[in-house]
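What follows is a pair of complexes built around chain A, which joins chain B in one and chain C in the other.
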Partner chain A sequence: MSTNARIEGESTGLEEGPRLVSGCGLFIADLRPPEVLHVHLVRSLEAHARIRSIETPAASASPGVVGVFTHTELAFVCDPLEWIGPLPPNTRCPPRPALAQWEARFAGEPLAAVVAESVAEARKAAEGLEVNLEPLPGILEPESALLQRVPCVHVSLGGNVAYQFVVSGGDTEEGFRKADRVLTHRIARPRYHPAPLETRGVVARWLESEKRLEVWSSTESPHFLRAQLAGAMRLPQSAVRVFTPDVGGAFGSKLGATPEELVVCAIARIVAPRPVQWIETREESLAFSTQARATSGELKVGVREDGRLLSISYDGIDDVGAYLPIVPGHNPSAEGTLLCGAYQIPAARMAVTAVFTNNPPATSCHGAGACGAGYIIERAMDLVAAALELDCVEVRRLNLFRELPATTVTRARYDSGDFSRLVDRAVERSQYAVLRHETSSRRRKGELVGLGVALLVGIGAQGPSRETGGPAWEAATVHVSADGSAEVFTGGLACGEGHETVLARIAAHALGVKADAVRVGRADTQTMRAGVGSFGGRSIATTGSAVLGAARALERRLRGVAAGILCTSVEYVDRDGADFVSGSRRVSYRDLCLLAHGASQLEPGSSPLLEETFVFEPQGSTHPISIHVAQVVIDSETGEVSVERCCNVRDLGRELDPALVEAQVRGGIALGIELALLAGSPRGDDGQPLQRTFMERPVSRAQGVPRFDISSLPTPTTLNPLGAKGLGDTVTMAAFASVMNAVVDALRPLGVLHVDPPATPEKIWRIVRSCRGTGGA
Partner chain B sequence: MLPAFEYRSPLSVEEALELLAKYREDVKVLAGGHSLIPAMKQGEVCPKVLLDLRRMAGLSAIDPFEDGGLRIGALVTHRDLEISELARGRSPLLAEVASQVGDAQVRNFGTLVGSVCQADPASDYPAALLALEAQVVVASPRGERSVPVEGFIQGAFETALEPDELVLAIDVPRSWARTAAYVRVRHVASGFALAGVAAQILVEDGRIASARIGVTGVAERAFRLAVIEEQLLGREPLPGAFAEMIRGVALGREILSDGAASAEYRSHLADVCTARALRKAISRIGV
Partner chain C sequence: MKYPVAVSVNGRAYRREVEARTLLVDFLRDHLGLFGTHVGCETSQCGACLVTLDGLTLKACTRLAVQADGAQVTTLEGLLVDGNLHPVQSALLKECALTCGFCASGVVLAAKECLERKPVAGEDEVRRSLEGVFCRCTGYQPIVDAVRSLAAAPVRDLRDGATAEL
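Presenting the complex of A and B:
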């Protein structure tokens, strides 16, 4: 047998690549179960309204219609979605109905479901539905949610606070008193929809004879979804099976359970045995689906004249929208622990109040919230540099943690890495000094050109569970059949990142077989009975470690079986290729698997089932690091920002598959540019979405991104046996923050100290115009 | 998902006109389909009959007129215009605009005539077609007529086309100037023009002898800058010499305003693009 799988190496993405790039992926909309019925959701056109009536007879009589459902009908088979298990501290999560009952709380909330033989017939019938809404005053601006005598989004809560957290360390007030200068600035990030290429979708089927519900969903967390759906459908979890087909991007917007999934399950129960399908339209996705949270607040930095930071604080209001998204791993305060970023700051405090508003529900898209704090500290560094007229790299160097491991004052523990080396490498690779010089000379010629740097410390895999408040573990099962073929099952899944390739290789390496002997099963709650999901940067670090553990345990089992067959004890069993040998005796891997299943030669008491399950729980959170240098130029007449150069250096821990990592890094940079320049979900004064198609929602396109210079300085983490820190959205947010810093740098000659994202052309034009006091020309 | 429709693909103009006369408002004409198909998918238009022009002979050509003009058939794609030696030689402005439409995939499918019939106020072409004083060639059971683009496009998504009429081609008169340019600012999502200005100027004896400037994207329909065209006459074509006259070129019109650009910003962009288009056109003198 030829060489066995190595755990690291240049890959080809062979497991899933050919399937996905040749159009042979199987996505939720590709599922066409026989006799399937289609759901069209009728949504509220008002941001906040009382539902007076929904008249269904005309729609029900429309051709092809099987049924029209409102809250009343569905209430017979389901309850609202509710948080299962203990809520995080200081958190309120009102129940979220499948279809709104008395009140619509955001423009786009589902009010009724039309079920028909085809999507077209369902849509057509929906036009005949008479929805009588009485508009109510709403809360669209999060700041107003906390005022006295304003409407409550959830009257039963008696206020609009969803959750609050304070993370602090050291005495920030004392830090500000001792500081030579205290800088304050209001900063904000907008809400936006992350716009995965594949929209959401769900198929459900009720098996009456077995009293079982089968659900296929484009989700990031099948087991969590099962738990939520079982709870709301009044079923034991064992009666609900969730499968995930291929998932075409998620970014946090497919995490957890949503009313649409519940509606489809409830209807499936009513119309059984026919299956029911709902595929989110692009409009529904962009305008009404779970979005990224908005935040705004006051940043305060106390700094010594020499550039050393003494204290930093951020006091912010986050907008979670009309309902708190019910997601696994909900841990917003993790963001607070990262307020110090890569810097040794004696005192830091992050206080966030998250409020309900009449906007669509919003959660942590693009990184487990952590990256927001990364943006804040990186803006702070540039404010300091501007105030003290220091170079922005110099200020960062002054404040860096010189050596890792280290623990920030907000108790984030960075176990490995070398910030100074990363900065040095980025300065060298980007030719920072040359760029600075070029920037100055172009400025003298009147160009608005800027350089921006951001050093982002993110969160990859969170842990341990007792600290994160949510499940930080992941489980994996490795099973070997009688013919030696191996299957891997986990609670996670891939959204196009290439996990199948990497997980198969991890298992193959540990089993001592070739990678093509291992297949990775699709996430399915019946084949993998417990799991957490894929989000943040946990998949390789945590899920991969679980696979490694299971495969190693199974390999030990195989050696034990071999010892019996070879009439020796296990410590004398060696591997030669895939074969098991002891002295001159040998049994091939395949024969061994066959013999084990046959069981006749097994030691008494040992199991013929060649299967091991392993649960991995990280004993700390990993912290991937990325430093990004960006150069931008602004067209002073039109306000258009062009990114001219990007240089990225990363430490994501051990990279098991550099080609797949680099693919994500490139995508991450393009996305970071999008967040800086383009992404926002503007709504009208009435709460109506202004972006419903890709004609309105801008995304990064190939012509809008420059060539990237990317490189890696990996230091393996000690927090998992693979040494992987996870990718998460650290690179994305580094690119995002550096482009924002570059935009501000470009405008600094005009006296600009801060610009909130996105830096859209009209916004920049207005800033330039107001600074110059002329027509902007 | 497309709603159900009857598909017809006539081979001749006569056959197509018969179908139009029979089905009138119920028929939609398909050329490149880049506006129609998405609109059908969205359920915005639900034609009973889809009349596909693509099997009709003679509509795919760019034909030269003896006087130096061009006839651009209804099936000529943006890409055809972009790469045609004839179009680039005789109407470089139009070829320049064509090369900036959408992306490569769009240019390979979408057509000039389709774009003009769609009359999207943010479309790139009308600026150039106004500056070039192009004519739309329309056939109907009553015969053929030529309509100036200025009169053909009547408003946002509105044209002078009758339900039984079919656009066969667009005629672009002989370009009397090589010094022409198109400059626009793109919508960050759609890539359409927030403002786009096409300018062509004729220089004789070192003075501007004639000027045509078309503006698109800013108002419900594209318009000419007649006042500035007039003011330019007799001036020396110096780059940046006209800044003072380019102030509020769109004023007095109802300026579009949406999530991507306010009316104020669009109006400003119209000025910026006008100045830049003139500068670029002038820079091409003698090239």
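Presenting the complex of A and C:
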């Protein structure tokens, strides 16, 4: 499977670029339908509480207020959100109410909605709302969720387990017995919010005469949202239309359906015909909306004296928060299959129990689950290197899969790539040997300098659907009008990755026209009737392949019409530029499109509608690869970690627009550094969020990141016709893991073997002080 | 109680009545319908609401609309000249320096201000001038490169996008 010619081109920049750079983007907060009403949500101040009463009269009488709603009022028009379709095995997903009914299950759960003519009036009125809560003991630490006689987050479930999975291959116990050394360590990653610059938002309008609901949402998955909202609103899916405007970043935090979206739809139905809008505040985004899961567990590695790994296991607990987020592609066990990373290890086992707690709901952000396993194996490699006093690159080389394709013992199949070459390239480009030497000499002068490496195998596009548990396919329709202009519709559209540009180019290439003849339609469930979404690293690999399939099918039809006009058979029709030719006869693309719309008259049985739809279903998951080398230095006075150097080499398969890929790769590295050094979403002992604004939530800034040396060694995948593996968050997690490894490396002279992220100045300062204190230095 | 505000935005005069508490950024968006200026954080961290007020580049969430009475304001939309992109905007596009585009209002105006203050800024100076704007997508490097590509072109007056003697 390969395309006839190159789709890659000189990067012409983003198709959507001029619109966005001149302030003409249309984001959810920019929508102002006439007569729109605004919603302010009143949220629980307790992590776990019984709702005694919510007194609304004072708020209802406040100026500008149209209505105040609690669970009681909304129950007339909506049911709680529930998982539609088959749940993954061993998974429990309790219904999630639009507004809490009896019980608040996390600090920030919506309890009431004030609807007013303006945001300011709604907020002001909310101050008059009397919420009477009776605090209850809660589960804030995931470890305590599994103890006997502890509160249940969902009493109806009779326990706090949300899901469990075990992925294993080979005999891990035998591996540990045969090993010369068995190393164990507890490792943990915190929950955090990925903080896209645009918060979430939704606008809804109920059309009573048509019994139809129109929803605009800053979502990553419009069709999935439509299905969930229709279910909860007791409407057929055909009566719900979801549009997605420009999305200002998502990183997994805008997947699926949330109570806020349901609240707005339910209120829109009540206050119809007036539309209703809710725009998330930064506080709501950072403190209360869907976060990345926290995870902690026991890592165990069995290794021979020569550095060969014989067995690895990880037994962990994930914290999914108060509700299992209802998201497409929920497939946590995919993470387990990647526990072996790039290495040939005879036995591996990953067992994870995910528990409900009284924290905000949490899901996979930054990587469709692959992040966790990649980080675990890359920490394991460094623990081995430290224990055996081997170089961390050497340990990796020793254990690498020599040749691909290969299948790990946990049944992840890597179809293409060359790990050794990637390592060689990273060593060469980063001048690893020089950096090692420099690190040693700076250490002798008393500096805390560290060098870290991580080789990440991620998941780009998942597939096939029968194995992933959720839909892995994507659909695309390509339509050509009588004047030759083409439109592309897909279910998976951009959240700021430049999809419009690349999808238009794919369609244009297959149709044999210039890219500016193709427009990519906005995400709209009515123009594209089925779709899955834009998340993980699936968009170009899966959505792009669907667009390619549809455009090719349409081009074949055009050739058929051309054959009729040129009085020949289709195999003798060639293309000359956009024109169709056969010998000396020729018909221009434009004329052909015009004639084809009357084709039913030309040829009996042919359709005048120049449109093809194609569904692409991947036959396996793609595995993008990224190796990252990072050098850090620690200020021992303040504990601050500075990243001095970053070198990244990637194999993301074929890159259709390298400049756009590079923009995302650099962004991914900056986020990876942020995850390693800054990002966490700490909560107090009472479950209260400690980060409510960007004053408390540090982010990567221009001065906080160095220049990144990035390069590519692509090997096309055979799993889709474009050869693209997808980007996903492989690069982010490689940067993250390598910076964490570098931080530990910097602290190794002090006897430190592991540091959990984030390596904040306070944490590092304490470590340095306690090590030096006890060491008598 | 409402207060009259007369302000020139992107060369066009507006007169509106606003509440005293109305922030300049909300005034631009809600009263004038200029949505190119974004609200990203509400606490003056992210820079998505940057505008130029009487020649000073500032975060529009730190000013009240009434404080802008009588002022000349330029927003991201106002940088277009006859529908053509400002050199800073073109340079950012050329370097693929924005992907989701939500930060454009901050990045473009911060970059423009940096170049106006210091036409040949070095890497560190450019990064320092971007300290007050967040970009979550690109890792800043393409933005820095875009600004520096303009710093290398000496005879360009970035104030109005026209070529001029420096």
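Convention: the second predicted complex is superposed on the first by the 763 of 777 C-alpha atoms of A that agree within 3 Å, B and C clash if a C-alpha of one lies under 4 Å from a C-alpha of the other, contacts with A are read in each partner's own complex, and residues count from 1 in each chain.
Throughout what follows, a contact is a pair of C-beta atoms (placed from the backbone, for glycine too) under 8 Å apart; a residue touches a chain by one contact, two chains touch by 3 or more.
Because the structure is a prediction, the values reported are computed rather than measured.
Of the two partner chains placed around the shared chain by superposition, neither chain B nor chain C is touched by A:244. When both complexes are overlaid on chain A, the residue A:631 reaches neither chain B nor chain C. Touch criterion met: A:196 reaches chain C, while chain B stays clear of it. Once chain A of one complex is fitted onto chain A of the other, the partner contacts of A:120 extend to both chain B and chain C. When both complexes are overlaid on chain A, the residue A:715 reaches neither chain B nor chain C.
In the superposition on chain A, contact is made by A:760 with chain B only, not with chain C.
Using the contact criterion defined above for the overlaid structures, shared-chain residue A:694 touches chain B and also reaches chain C. When the two complexes are overlaid on their common chain A, residue A:678 makes contact with chain B while staying clear of chain C.
Residue contacts after overlaying the shared chain place A:669 against chain C, while chain B stays out of touching range. Once the two structures are overlaid, the count of chain A residues touched is higher for C than for its counterpart among chain B and chain C. Residues 120, 693-695, 699 of chain A lie at the contact with chain B in one complex and at the contact with chain C in the other.
Contact residues on chain A toward chain C in their complex (touch as defined above): 11, 13-14, 16-27, 29-30, 32, 120, 195-198, 246-249, 251, 281-283, 495-498, 659-660, 662-664, 666-671, 693-695, 699-703, 705, 707-708.
Of all the residues in chain A, the ones that touch chain B in their complex are 119-120, 123, 637-638, 640, 677-678, 682, 690-691, 693-699, 760-762, 765-766, 775-777. Those residues of chain C lying in contact with chain A across their complex are 19, 21, 29, 33-43, 45-46, 48, 75-77, 79-80, 85, 89, 92-94, 96-105, 108, 123-124, 126-128, 130-131, 133-144. Put simply, chain B touches chain A in their complex at residues 1, 3-4, 42-43, 185, 187-190, 192, 243, 247, 258-262, 265, 268-269, 271-272.
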